[in-house]
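Reviewing the structure listed below.
Labels run A, B, C and D following the written order; every chain starts at residue 1.
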Amino acid sequence: MTVRVGVIGAGIMGADHANTLHRMVSGAEVSLIADIDPGRAQDVAGKIPGSRATGDALELIDDDAVDAVLIASHDSTHRELALAAVRAGKPVLCEKPLAPTLAECVEVVATELAAAARVPFISLGFMRRFDPGYVEMKQALGRGAIGTPLLTHSISRGVGSAPGATSESSVTGSAIHEFDVLPWLLDSSITEVSWHAPKPTAAAGGFQDPQLILLRTADGALSTVEVFLNARYGYDIRCEVVGESGTVALTEPAKMITHGHRARSVGYAAGWRPRFADAYRIELQAWIDAVGAGTRSPLASALDGLVANAVAEAVIASMHRSGTVVAVEVPTI
Amino acid sequence: MTVRVGVIGAGIMGADHANTLHRMVSGAEVSLIADIDPGRAQDVAGKIPGSRATGDALELIDDDAVDAVLIASHDSTHRELALAAVRAGKPVLCEKPLAPTLAECVEVVATELAAAARVPFISLGFMRRFDPGYVEMKQALGRGAIGTPLLTHSISRGVGSAPGATSESSVTGSAIHEFDVLPWLLDSSITEVSWHAPKPTAAAGGFQDPQLILLRTADGALSTVEVFLNARYGYDIRCEVVGESGTVALTEPAKMITHGHRARSVGYAAGWRPRFADAYRIELQAWIDAVGAGTRSPLASALDGLVANAVAEAVIASMHRSGTVVAVEVPTI
Amino acid sequence: MTVRVGVIGAGIMGADHANTLHRMVSGAEVSLIADIDPGRAQDVAGKIPGSRATGDALELIDDDAVDAVLIASHDSTHRELALAAVRAGKPVLCEKPLAPTLAECVEVVATELAAAARVPFISLGFMRRFDPGYVEMKQALGRGAIGTPLLTHSISRGVGSAPGATSESSVTGSAIHEFDVLPWLLDSSITEVSWHAPKPTAAAGGFQDPQLILLRTADGALSTVEVFLNARYGYDIRCEVVGESGTVALTEPAKMITHGHRARSVGYAAGWRPRFADAYRIELQAWIDAVGAGTRSPLASALDGLVANAVAEAVIASMHRSGTVVAVEVPTI
Amino acid sequence: MTVRVGVIGAGIMGADHANTLHRMVSGAEVSLIADIDPGRAQDVAGKIPGSRATGDALELIDDDAVDAVLIASHDSTHRELALAAVRAGKPVLCEKPLAPTLAECVEVVATELAAAARVPFISLGFMRRFDPGYVEMKQALGRGAIGTPLLTHSISRGVGSAPGATSESSVTGSAIHEFDVLPWLLDSSITEVSWHAPKPTAAAGGFQDPQLILLRTADGALSTVEVFLNARYGYDIRCEVVGESGTVALTEPAKMITHGHRARSVGYAAGWRPRFADAYRIELQAWIDAVGAGTRSPLASALDGLVANAVAEAVIASMHRSGTVVAVEVPTI
């Protein structure tokens, strides 16, 4: 009953997932690793006994030694590979985004639907749904700990943006996590958005960073989202939900406190991997458990990925229209 | 060299100020207390040896035993009393707002200017400028601790709104503190605003609460302000300034931590008086020191009060125009 | 290369371990579960596909389907079962204590030594060595973050003691975790101890609770240890190491903060299982990895278990001699 | 009704007190300042309008312009000056210690008693009794927030010791604050003590630093006190009281939190003056209020000072007898 996983993409994300599956997930085995750079695939496979490397992702998907597929390759490949996995009838965990454009997302979701599997094939890698802090908040909301939610405040700060980052990629690559996790938390879809520009940091070198986004959900709640890729001081994710009788918020996680140099301090993670290591591990375990049992995946679905993309398109439209309020339009399928 | 203060208004705020001046401020003496309800004035005076009570505020201003005037009576009286104090040539500390309308503020500022005193007569009671936390933040910004400020996040939550509160009075009575303290912190004027409505709490009983306000300052920084009068859980004031290399924020002040009932907790103040007790005391001491020495008051000026009112008018205009961005127009005098 | 584990003891601890091995540990499989109450063993086995139940622990140890043994049965059985596993040549993870008396510990360690395996058979379940907070502190000490350690302060508080708890069992059952983790943190053995009695809580119903223990390590550092089984408010584990230039301390872990009812609060775990869930999972994974690879276990050894028992005996001796300082004597083997 | 205060000692402490009385205390006036170095007295007086300087402390006490005396000169002068103030029939606030030896304390207390004033003349400067954190803890204990207190943990750390510090002066100069504040908090006298030596820091240059002291109060509670003068990282005062149903503790006070350089941090005070600035101000105001009204001083009394000295003598006796438990003996007067 061990699930043999083929991992596509041997970059930081793919190597991390392969390693986590191999070392910390029960019931999983990494059997095959693909990368367009076969040497990079081999580097990862070389550290995972029993796994092989290939340069051909489509070959991996069809390999008999692969029960399930994990897509962590370049965003531009997600659509094609997800479709191939659906055609092969294999469960697939696709890193966000499902596809670069909304139209492509629609194609993938429609294809999956047509394949008419008992359980959906595709899971989306929105790992925050498995972060213990977010999970605890959702449970608190569910038991009415703060009454009806009225507004939320989210902050996503990072140390530095990747080369080639743009004002738009801040939305599709980073803010998109908020577009998935906030509706999931509030159990209500995002209906309209607006985008606002603080003073840009010189460190961004030209694109708009930080950004402020307002989101309205169907329940009437309003959410503020700050995304700041070049905040420099650390990787800092915050979320507070304000309800009628109180609020719940993520703590800034830390295991150790240091007293030194006239200060009491706790360190920040340098990036998303240490911050969300638990979330990724728990997400992968949940996926493997569902694949192994043939049950519905508790991860975000392809449709969730499509919806997040629709919100991102609306936010970018607002960006291009001086911050006007833009309604989110989710295509019918 | 003792400054003899006449306090106008013997309600909660006036009684508090009289008490603080009498018990905790060096160089001050409360000589006279006025209230339209003379019995209420007498109640306060009865607890302050050497003070007298009157039902006539204008009489108080002209009394020889009054060197300086503190106005803590109803908002609607501020303009008339401030003008009387200017005419009497006496320094006056006026609780915010300077006057209910912008036009009246202009009148007061123009009158003060025409009186051509060596130092301005009027100080405005924006006490946050003397809160140790805000002061420490301003010092940190001044020494470049976080680089250029890019955006700020403020939260003003209270336990419950006063009877008769409206969507507009949330702005003129509560949010107005942010309209003064943020430009003071950033050393940059607010130029445009927009107003946004989260889901309203049932506890507000009809008006819009909470509210979200966006403020743009001349330096390009963007500020989010949440005002929530009926947050119920406590009186909670937060402020974070986000700069190019880091952030500074107020802590939620607490002297004691309790471990009990499966939780580690710190209590919230029930209202603004305990939260800002230090700020009020330090503000009053600074005012008395300046009055006693005949030097320029370090408190907010009448013009600062006028500017805050101009911002409030712009915010209310945005409220009435579906959240449109509204430019702040400060009348020239 | 899957390690098939036989779990002895189907109580809370054993069931928890079986579940963790089955659901969250890579490379492990629970093949057999033993309990003197066969029904209880069956209950646990029934939820773990592929596992069987037995009423005979010695049979489990000799079963061909068992590669490694986990002992989580009553303390009084540890010695006999650990010896049986050594005789069977199978790696064993034994919950603390290794044995109830020091003499029995000596017997187990000597037997293991005589068995002359390439790697020791026995690992002891001192899970704090795998708690991320303790690990981070040890790393900080290792890189000289606070200079030479001079003293430490530890606190172990629980909600309520188990039925039958005694002043002595507080030491052998709870404080013993400190006797292992502090020398491990400081990399220095405990050489002398003294025991002190605060005012006892009525909730303990007769035995001395809380207790205060002073420990001296060979490096000269002094440690205070408070053990309070009936602290009622929550399960609260603290540790601070004070060095020449600063200190490091565990944070009180929390994922979520709640603002409500005039307080800002974070919840406490109700007991050791949620508090140390990560530590147990990481410890089990480390054990399985070592067993699978045939390498030396990174867990505490049988000798570590013996040493902790020697410290416990010294503390109890001090308890019985009015708090006199007692030297720790570790038997030579 | 203004109280004219003569301040003896124009060092850091005396200058601070004179400044606080002049600038922040209602109803006080600094009329005269004495120091054995008249130039130093003049420096302080020069900044306080209306005050004069003298080189003769006894002259100050007898001066008609002095209603009350504040003694902040060298410890060795306290006894003689306090006695002179008693003889002159003037209220006196004496910085701790009351006198260097217990015998001298007895003499002072007996003399004050014989003077048979309606209210005691002497107040002792144990300012922690006025620190808002300690006050809040005492109130919490008083209303039964944590049930019966069972044990306490105190920590007093500083950046560096003064020149000439010794193992004994750590007790009489620093730990003595704990000997006053803990019995005040618990409302129970210290009956026996023991002294313990952690590994000494190299920074102390020869004397025992840090030190650990155990205190037993009459109510049976046990207290641990760490005193570490050369902790280097900051001035850090902690106190936790553990009761039958929970605990209360001082927070580490901070007004601002900084996020920068991969850390979230709050700064420490560099010394006792910023840490206890509020406590000193409130203490001085309380003293002036009592002196002005002719009522009993709410500050610590001469007898409290004597008792704290008796505890210090017992701790030093334990230090000189290898940490033996020593009973506290308070002389009868």
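Here, a contact is a pair of C-beta atoms (placed from the backbone, for glycine too) under 8 Å apart; a residue touches a chain by one contact, two chains touch by 3 or more.
Bear in mind the structure is a predicted one, so any value in this text is a computation, not a measurement.
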Applying the touch definition from the top, give me the chains sitting in contact with each of chain B and chain C. A, D
Return the chain whose centre of C-alpha atoms lies at maximal distance from the corresponding centre of chain B. C
Whole-Å gap separating chain A and chain D, where each centre is the average of the chain's CA atoms: 57
Per the C-alpha centroid definition, the whole-Å distance linking chain A and chain B comes out as 44
Hey, how far is the Cα centre of chain B from the one of chain D, in Å? 37
Of all residues in chain B, the ones touching two or more other chains: 233, 245-247, 254, 259-261, 266
Show me the residue ranges of chain B that touch chain C in the complex, using the header's touch definition. 233-234, 236, 252, 254, 259-268, 270
Report the residues of chain D in contact with chain B in the complex, numbered from low to high. 1, 21-26, 28, 49-50, 132-133, 136-137, 140, 145-146, 245-251, 253-261, 266, 285, 289
The residues of chain C that touch chain D in their complex are 148-151, 153, 196-203, 210, 212, 214, 219-222, 224, 226, 228, 231-233, 242, 244-247, 323, 325
